[in-house]
Each structure stands twice: as structure tokens, then as C-alpha cells.
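Multiple structures are listed underneath, in C-alpha cells.
Below, subunit A partners subunit B and then partners subunit C, in two separate complexes.
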Partner chain A sequence: MKLFEFFITKIFLRKVIFSIAMILLFFMANYTIFTATRLILSTFQGYQEVKSMNQEGTYIANLNPDSNIDMDAIAENGTQKVYDYLNNNFKYAFYTDGFIASLPNNDDMEISFSYMNEEYYKLNQFELSQGTDLNFDYQFNKDKEIPVLVGKGLSKTYPMGSTIKIELPVLEQSMTLKVQGVLKQNAYHSNFHALNSKNYYNFSVFLPVNQEFITHANIDLQLNGLMDIIILQTTKEKVTNLSEIMQDNLGLKFNFFSQKENFDYFNEYYLHSLKIMSIITLILVVIIICHSVWNALVSIRLMLKDFTINLLVGLSYSKLRKILYSYFGILFSINLIVIFFITAYSRYGSWLRKDAAFVTYGLFGLIGMDWFALLVVFLFDIIFGMIIVEIMLRKIKKIPISLGVLQ
Partner chain B sequence: MRRSLFRFVDRFELCITYLFCFSLNLIFDYVKSLSVDSYILKAFLENFMNYQTLINFLFTFIVVVFHYQMLHRKKTEIYCRILVGDTILNITIRYTLECLMILGFVYLLSIAINIYLNFNLISNLYLVCIFVIYILISAVRVGKYETF
Partner chain C sequence: MTNIIDLSIREKVYKKKKTQLSILNNFKLEVKAGEKIAIVGESGVGKSSLLNIIGLLDTDYSGEYTLFGSLTDNLHASELAQWRNQKVGFVLQESALIDSLTIEENIKLPLFYAGTEKNFFEPEYFENVINAIEIKSILKKKPLECSGGEKSRAVFARGIIMKPQIILSDEPTASLDVENRERIINLLFKMNEEFKTTIITVTHDLEVANRHDKVVHLERSK
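Presenting the complex of A and B:
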């Protein structure tokens, strides 16, 4: 330990510029790997979510990019006609979210309402930390209370069994909701069109909808629900007819993609992007490794005398190796701590901004994905450290002790 | 440059370090000019593009490392030159001029590439300012080696 202290204080820190340069280079490499890992992981989580819905015979709606939504052009009962057609001919999963409502809560967050029908709920199999599954058989206007699920954050203000009186903008009428269950913390929903981005349900309310509810809802909910509607157990011909009905009534062209088309799209678009991203990451990391090796060799040039004098008075190469590994271990730890704090701050930033869709719970605010990315960075650092230390040792061993001392 | 402190390897190393920093800035500008369709790729690149100046600045630290190690290695040579009649002022001027010449050469090269790619010519001017500051600081440090 004394020897290690001596090396740190009398050799490495005497030429602190090299240590700073190393820390900066390691930070760049670690940040690049951390970012790439998190993005890849997030995309695959999104992919897994879509995969569970993307079964054979399932078609997911997608508004044609050339279609512009003109609310005036949509007939008053146009959306209802589409829903009537859907109810008579198809089994469909309905989901729409992002409807903000003012609901007082302990954390002063804006609460987002997510509306889903039974089919969608079954497809997703949301995990609950308390309570029971949603009940979709209630009678609109007759049942006094509609059962709902709430996110973990909201459960502090509205625990199991409590009631929420609220005027729902989509119904333009007052409703009473009863908390029937609490979602597991950090339950999320990935954006179907950008699988790497996700919204967290910690401050959301899940509201079950049935045909009656949709009929009474305003055009906003009805139209939004059609944007990502999932048609189950059907055929290409049937959804083509549906697309025509939608175009006639809404003036909007919807595409319905089959399981194969969705997988092809994933392979073509996401896999290609992930490949490019991995290549960019690899190139950046290789460049940074080259720079770090150059920095390490340059530092050896200047510290050679100190190293060789210590080798002359009895320091073995194995001890020197241990010292170098410990030194780089400290540098890597500093970087890991910095990345940890940046991530924790960025997660905490969502709380400060009251950004309910991105607020997460976890140890120091970090969620599983962050910890996994940190683990990947840690493993990379071990390899990175081994490369640099072994190159440094090779360089030191190459130079005869007598020559080094004379320098 | 007969009495220069620089050897071929030193000139080459300095060229490479400058070139790396200018290239990094150029790559950033190039990526900015691309119309990336992929949402995921855009999200990944934004993590870097938003901090372009900071990342470029942090990487200029390798130039600091170069100047630092270069002068450290040359301290005996500087002292010996003074012993045989050279002055610290002349050594400093020669060192500064040579650094500036190498910087000018690499900068002109980067300008040529910028013109070829139709990029903004002043986008990497701030790097030149940073490098000139580094050169001046290291020139001041040459005086430190007047006595051995």
C-alpha cells in the first residue's frame, strides 16, 4: 500500500496532465458506450413490446405519412361510423394516451390518462404491485364508479380503494373513478414508431374503455384511438376494406401492416440503424483507445527514470503491474462515478421538470437499463485497462534498466 | 529551422494531434449536414451533437499533453543550447514560430477540406484560438528550463 501511495503521489500525480488526459479519454469512451448500450437496450425493450402484439393475423394501423389531419373535413359522425364498422366486423385492441388532466397529487405532476380496451389490456399483460385486473364490463352512466389502475407515483395520493372525482375532457362530463389496482413501478409503453423512446406510467391512470365509452367520447379520443389501432385475427382483404371505410369517412389514408411487414420494417430500419450506431461506437472507441495508448506511451517516456530506479532497487514487474492496474482502476472508478452522477441527475431532472411521462423510480433514480449500461461500461473498462497496462509494461520491459536510470 | 527543438517525429506527432482535433470538428459538421432519416440514429447522434463544442474542447487536451511532454523531454537540450551561446528568447521564438507554422499548415488543410465539402469556413476558427493559447502558454514554459 505504501508503495502504491508512493507511486501515486510521487510519480503519477507529479505529472498530473497525463492523469487528466487519461480521465478525459476514458470518459469519452465510457460515455459513448453507455449511450449506445442504453439506446440499443431501450430499442430491444420496445421491440419485445411490439413483438408480443405482432402476431400472425394481426394488423397494426399506421397513418399514411402523406395524409394530413384536417379536423374540419372529418364528418361529425365519421369516426363513429368507423367504430360501428369495427365493432361489427373485427376484434380490435384500442389504446390511446397522453390525455392530460388536472388531478391534484402530492408530487404536483400533470397526470396522463391512458385509455385501453380489454383486448389491448390482455395483449400487454400489465404487472400489478397491488389490486386486481381491470374490469371492462361496467355500464357507462349506470355504474357509479369506473374501476381504474394508477401508477406507483399516483398511488401515494390515491391508494387502493380510493375514489377520484374528475371531469374527463374526452367525455366532457364528470366521472367517478375507483382505484382498483396499482401498476408495478416503472411500467412503460414504447412508442410504436420510435421503439427506443418510451413513456413511464408512474403518474398515469389506466382507464378501461368499452364500446359504450367510445361512443360517448369526443372525436379527439375516437380519432387518436384509430391512429394505432390493432386489428386482431383478420386477413389482408378485410383490413383493406377497413382502410377504404376509414378513407371514406375520415378522409385519411391508413396503412395496415402485417406481422411479416412489421418484422421486415424492423430488420430494414431498426437493425440497419443499430448496425450503423454500433459501427460508429466501435470507431470512436478504437480512436479513443489509440489516443489513450499514445498518452500512456508518452507518459512512460517521461516517467521512465522513476520506474527504472524503482525496478533497480527491487521492485518486481509483477508488483509494478499491480500498481498500474490499481492506478487505472482508480481512474476508471472516477469515470464510472461521474457517469453515474450524470445519469442520476438526468433522471432526477424529470422530477424537477415535473415531466410525468419520464419520471422513474429506482435506486438513486436509476432504472435497470441504466445499471445494465453501467455494467457494460465496467466490463469495457476492464478490457480497456488490460490493453493499456500490458502495452505500458511491454514498453517498460523493452528498455534496459541501466539505460532508463541514466535518463 | 536548423536549430529547431523539433525532430521529424515531433512535427509529425503535433500535426497528427492538430489534424485529429480539426477532423473531429469536421466530422461533427458533416454529420450535421446529413439528413438522417432514422429516428434512432438521430437520437444517438444528438447525444454528441448537442455537446460538439465541449467534446472538441476536451479533445484539445491531447495538444496540451503534446506540448507538456515535448518541453519536458527537451529541457536538457534547451539548457545545452544556452550553454553553447543560444538565448532563451531565441529558443522560445523559434519554438513558437514552428508551432504556429504547423498549426497554420494543418488549419489551411482543414480549410481546403471545408471548401471542398462546402462547409462553413469559420466553424473551426475557435480551435485555432485555443491552440494559439496553448502555444503561448507552452512558450512561456520554455523559459522555465533556462536553468537545469
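Presenting the complex of A and C:
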């Protein structure tokens, strides 16, 4: 320890510019790997989510980009006709979210309401930490309670069995909701059009939707629900007819993509961009490693006299190896701690901004994905550290530590 | 009297970029305790390389080396480091000081590696050394604040602080004026007289070389 302290204070930190350069290079490498790992992991999670819906005979609606939405031109009976057609001819999964409502809670978050039908609920298999699954065969009646699930954050204000009286904007009437279950913490939903981005349900209410509910809902809910509607166990021909019905009644052109088309889309855009991103990350990391090795070798050259004198008076290569590993261990640890704090602050920022869709729970504010990325960085640092130290030692041994160095 | 150094080198290959040079071919050296040996020869014949080998810094050669009755091949790297610390002292040119340390820290550096528990530090001996070589006034200074002569004496002090059995000196007077040269040589020989320390000096200065018990001429390998 005394020897290590001596080397840190009297040798390494005397060439402070190299230490700072090394920390900055390591930080760039670590942060690049950390960000790339999280992005890949998040995209993979989104892909897994989409994969569960992307079955043979399943078609996901997608508004044609050329369509212009003119809400005034869409009549409520138009959307209802589409739903009537859907109810008579298809099995479909309905989901829409982002309906913010003012619901008092301990954390002063704006609460997001997510509406889904039974088919969607079955497809996603949400995990609960308490209570029972949603039931969808309730009778729609303003005097009756609608069973709902709430996120972990909201369950502090509205625990299991409690009731919520609220005016639901989509129904334009006051309803009573009963908390039937609590979602597992950090339950999420990926954006199907940007798989790496996701919304968290910690401050959400899951509302079960049945045909009667949709009939009573306003056009906002009905139309939003159609935007990503998933048609199950059907054929291309039948969804083509549906698309025509939607065009006739809504004036909007919807595309329905098959399993193969969705996979092709994924391969074309996501897999390709993931590959590009991985290659760029790899190139960046290799460049940073090369710079770090160069920086280490230059610093060795500058410190060679100091190393030589220490070797002359009793330092052994094994001790020098331990010193170098400890030194780089500290540099890497500083970087890991900095990344940890940046991530924790970023997660905490969602709480400060009351950004309910991004608020998460976790140890020190970090969620599983963050810890996994930190682990990847840690493993990378071990390999990176070994490369740097062994190259430095090789260089020190290659330039004969001899009296000649001092002359 | 038995030899404390029994060195037999078949070949030492010195690699530099793409070229390699064979030096010290079939070289033998036997040194008894308390002897003063000078090594002379033209540049590039391997004088410093020989000192590296004797001083246990270089083990990459073919041959056999017995030091204090032990075959050095059988010594672990940490034992070699310990011997460099406690049995061999290096007296080098003035530049062989760590600039970030004070002169006192530089001199006491071998004590740091010896470990305090072994109590190698003898305050009285330390006082005698710094008084003898007149560096008391510069102990708290950094090397860059000292003159060439002062730095040479500091390097000398570090070389003898552990009372080594062998002192290896590599051109210790090369950049010194006559007065300082005499002072360093006299100090070296005084160590030899007082403690029977073996002195091995690499030098270009034939006058200095001739004051040793034995002069070894190194010649270029054919």
C-alpha cells in the first residue's frame, strides 16, 4: 500500500497530463460501451415484445405516412362502424395509451391511462406484484366499478382494493375504478416504431376495455385505438377488406403488415441500424484503445528513468505489475462511479421532472438494464486493463531496464 | 579466498530494432570479496551490459552466474530484486535521480524497498555519509535545484546507503570536474577500505581505471 501510494503521488501524478488523458480516454470508451449496450438491450427487449405479437396470421395496423388526419372529417359513427366491422369479423387486440388525467397522488405525478382489451392483455402477459389479473366481462355502467391495475408508484396512493373516482376524458363522464392488482415495478411498453424507446407503467392505470366501453368512448379513444390495432388469426385478404372499410369510413389509408413484412422491416431498419451502430461502437472503442495504448507508451517513455531507478534499488517486475494493475483499477473505478452517477442522476431527473412515463424504480435509481450495461463495462475494463498493463510491462522489459537508460 | 562473483557468459545478444549484436562472447569474470575491478573498453563492447548482468538487472544471456555462492538462475525475480536492494549498490551518473523526489528521498529510496521493519536505516551511518560527502545542505532540495557535483554525490549516497557488499559504478565521474571526480573516487575507495566492499567500475578514464586492483579490457566480439 505504501509502495502504491508512493507510485501514485510521486511518479504517476507527476505526469498529470497523461493521467487525465488516460481517464478521459477510458471514460469515452466506457461511456460508448455503456450507451451502446443499453441501446442494444432496450431494442432487444422491444423486439421480444413485438415478437410476441408478430405471429403467423397476425397483422398490425400502421397508418400510411401519406394519410392526412383531419379529425373534423371523421365522424364518431365512422369509427364505430369500423369497430362494428371488427367485432363481427375479427379477433383483435386493442391498445392505446397516453391519456393523461389529473389524479391526486403522493408523488404529484401526472397519471397516464392505458386502455386495452382482453386479447391485448393476453398477448402481453403483464406480471403483477399483487392482486389478480384484469377481468374484461364487467358490465359497463356508471354506477358500477371498473376493475383496474395500477403501477407500483401509484399503488402507494391507491393500494389494492381502493377505489378511484375520476372523470375519464375518453368517456366524458365520471367513473369509479377499483384497484384489482398492482403491476410489477418497471413494467413497460416499447414503442413499436422505435423499439429502443419505452414507456414505464409505474404511474399508469390499466383500464380493461370491452366492446361496450369502446361504444361509449369518444372518438379520441376510438381513433387512437385503431392506429395500432392488431388483427389476430386472419388472412391478408380479410385485412385488405378491413383496410378498405377503414378508408371508406375514416378517409385514412391503413397498412396491415404480415409477420414476414414486419420481420423484413425489422431486419431492414433495426437490425441494419443495430449492426451499423455496433460496428461504429467497435471502431470507436478500437480507436480509443489504440490512443490509450499510445498514451500509456508515451508516459512509460517519460517515466522510464523513474521506473529504472526504482528497479535498481529493489522494485521487482511482479510488484510493478501489481502497482500498474492497481493504478488502472482505480482509473477504471473512477469512470464506473462517474457513469453510475450520471445514470442515477438521469433516472432521478425523471422524478424531478415528474415525467411519469420514464420514472423507474431500482437500486440507487438504476434499473436492470443499467446494471447489466455497467457489468459489460466492468468486464470490458478488466480486458482493457489487462491489455494496457501487459503492453506497458512488455515495453518496459523490451527497453532494457539498464544503466544505459539513465545515461 | 573464495569468489563472490563467478561469471561465465557464452553470449549476450543485444537486439536493437531489426539488427542484433552478439557481445561478451565467452567472457569470464571472477571477483573476490573486497577487490576493486575496473572495466574498460571502447563504446559498444558491452561494458554497461556486463554491469547489468552483474547487478542482476539482466538475466537474458546464455551462461552461468554464481553470486555469493548461489546460482542466479535459481533465484526468483523477487529475490533478485531483494539482492539488488540489499547486496548490490549502484553508483551512476548525476542524472540517475528521480526529479519529483527530494535529494533525501532519493537517497533513502532503497530503505523504502527494504521495509521499515527490518530496520536497515542507521541514523548515525546516514549522518556520517551525508557529512562525508557534504550534501547536508541540499537534502530538502529537488535534483533540478542542485549542481552536477551535488547530484553525483547524492547518487553515490544512495548507492551506499544499504552498505552493499558490491558497488557497481557506471562512469560515475564522466561529467564531473577534477575536484568532484577525485571526491567520488576517494569515497568509493573509502567504502572499500572501511567495509571491504567490492568495487566494480566501468570507466573510459584510464587514470581512474589504473587505481583499481585489476583492470578488465573488454574487446569487440569477433
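The rule is simple: the second predicted complex is superposed on the first by the 400 of 407 C-alpha atoms of A that agree within 3 Å, B and C clash if a C-alpha of one lies under 4 Å from a C-alpha of the other, contacts with A are read in each partner's own complex, and residues count from 1 in each chain.
The definition used in the following text is that a contact is a pair of C-beta atoms (placed from the backbone, for glycine too) under 8 Å apart; a residue touches a chain by one contact, two chains touch by 3 or more.
As the structure is a computational prediction, the values presented were derived from the model and not from experiment.
Peer 1: Clash or fit: subunit B and subunit C on subunit A?
Peer 2: Fit - subunit B and subunit C, as placed by superposing on subunit A, sit side by side.
Peer 1: With the C-alpha centre of subunit A at the apex, what angle separates the C-alpha centres of subunit B and subunit C, reported to the nearest 10°?
Peer 2: Here the answer is 40 degrees.
Peer 1: See if subunit A has more residues touched by subunit B or by subunit C, and give me that chain.
Peer 2: Result: the larger residue contact count on subunit A belongs to B.
Peer 1: Does subunit B (first) or subunit C (second) touch A:L375, or do both, or does neither?
Peer 2: A:L375: touches no partner chain.
Peer 1: A:D306 contacts which: subunit B (first), subunit C (second), both, neither?
Peer 2: second
Peer 1: After lining up the shared chain so the two structures overlap, which partner does A:M386 touch, if you call subunit B first and subunit C second: first, second, both or neither?
Peer 2: So A:M386 meets neither subunit B nor subunit C here.
Peer 1: Once chain A of both complexes is superposed, is A:F6 in touch with subunit B (first), subunit C (second), both, or neither?
Peer 2: second
Peer 1: Taking the superposition as given, does A:L271 touch the first partner, subunit B, the second, subunit C, both, or neither?
Peer 2: neither
Peer 1: Quick one: is A:I342 in contact with subunit B, with subunit C, with both, or with neither? Answer first, second, both or neither.
Peer 2: Neither partner.
Peer 1: Once the two structures sit on chain A together, report how near the CA atoms of subunit B get to those of subunit C, whole Å.
Peer 2: Value for subunit B versus subunit C, nearest C-alpha atoms: 5 Å.
Peer 1: By the touch definition above, which subunit A residues appear in both interfaces, subunit B in one complex and subunit C in the other?
Peer 2: Residues common to the subunit A contacts of subunit C and of subunit B do not exist here, since the sets are disjoint.
Peer 1: Within their complex, state which residues of subunit A touch subunit C.
Peer 2: Where subunit A meets subunit C, its residues are 2-3, 6, 10-11, 14, 305-306, 309-319, 400-404, 406-407.
Peer 1: Touching subunit A in the complex: which residues of subunit B?
Peer 2: Result: residues 20, 38-41, 43-44, 47-48, 55, 58-59, 61-62, 64-66, 68-69, 72-73 of subunit B touch subunit A.
Peer 1: Which residues, counting only subunit A, touch subunit B once they are in their complex?
Peer 2: For subunit A paired with subunit B, touching residues are 15, 17-18, 20-21, 24, 27-28, 32, 35-36, 39, 43, 193-197, 269-270, 272-274, 276-277, 280, 291, 294-295, 298-299, 301-302.
Peer 1: In the complex formed with subunit A, which residues of subunit C make contact?
Peer 2: My answer: residues 48-49, 51-52, 55, 57-58, 77-78, 80-82, 84-86, 90, 92-93, 95-101, 105, 109-110, 112-114, 158, 170-171.
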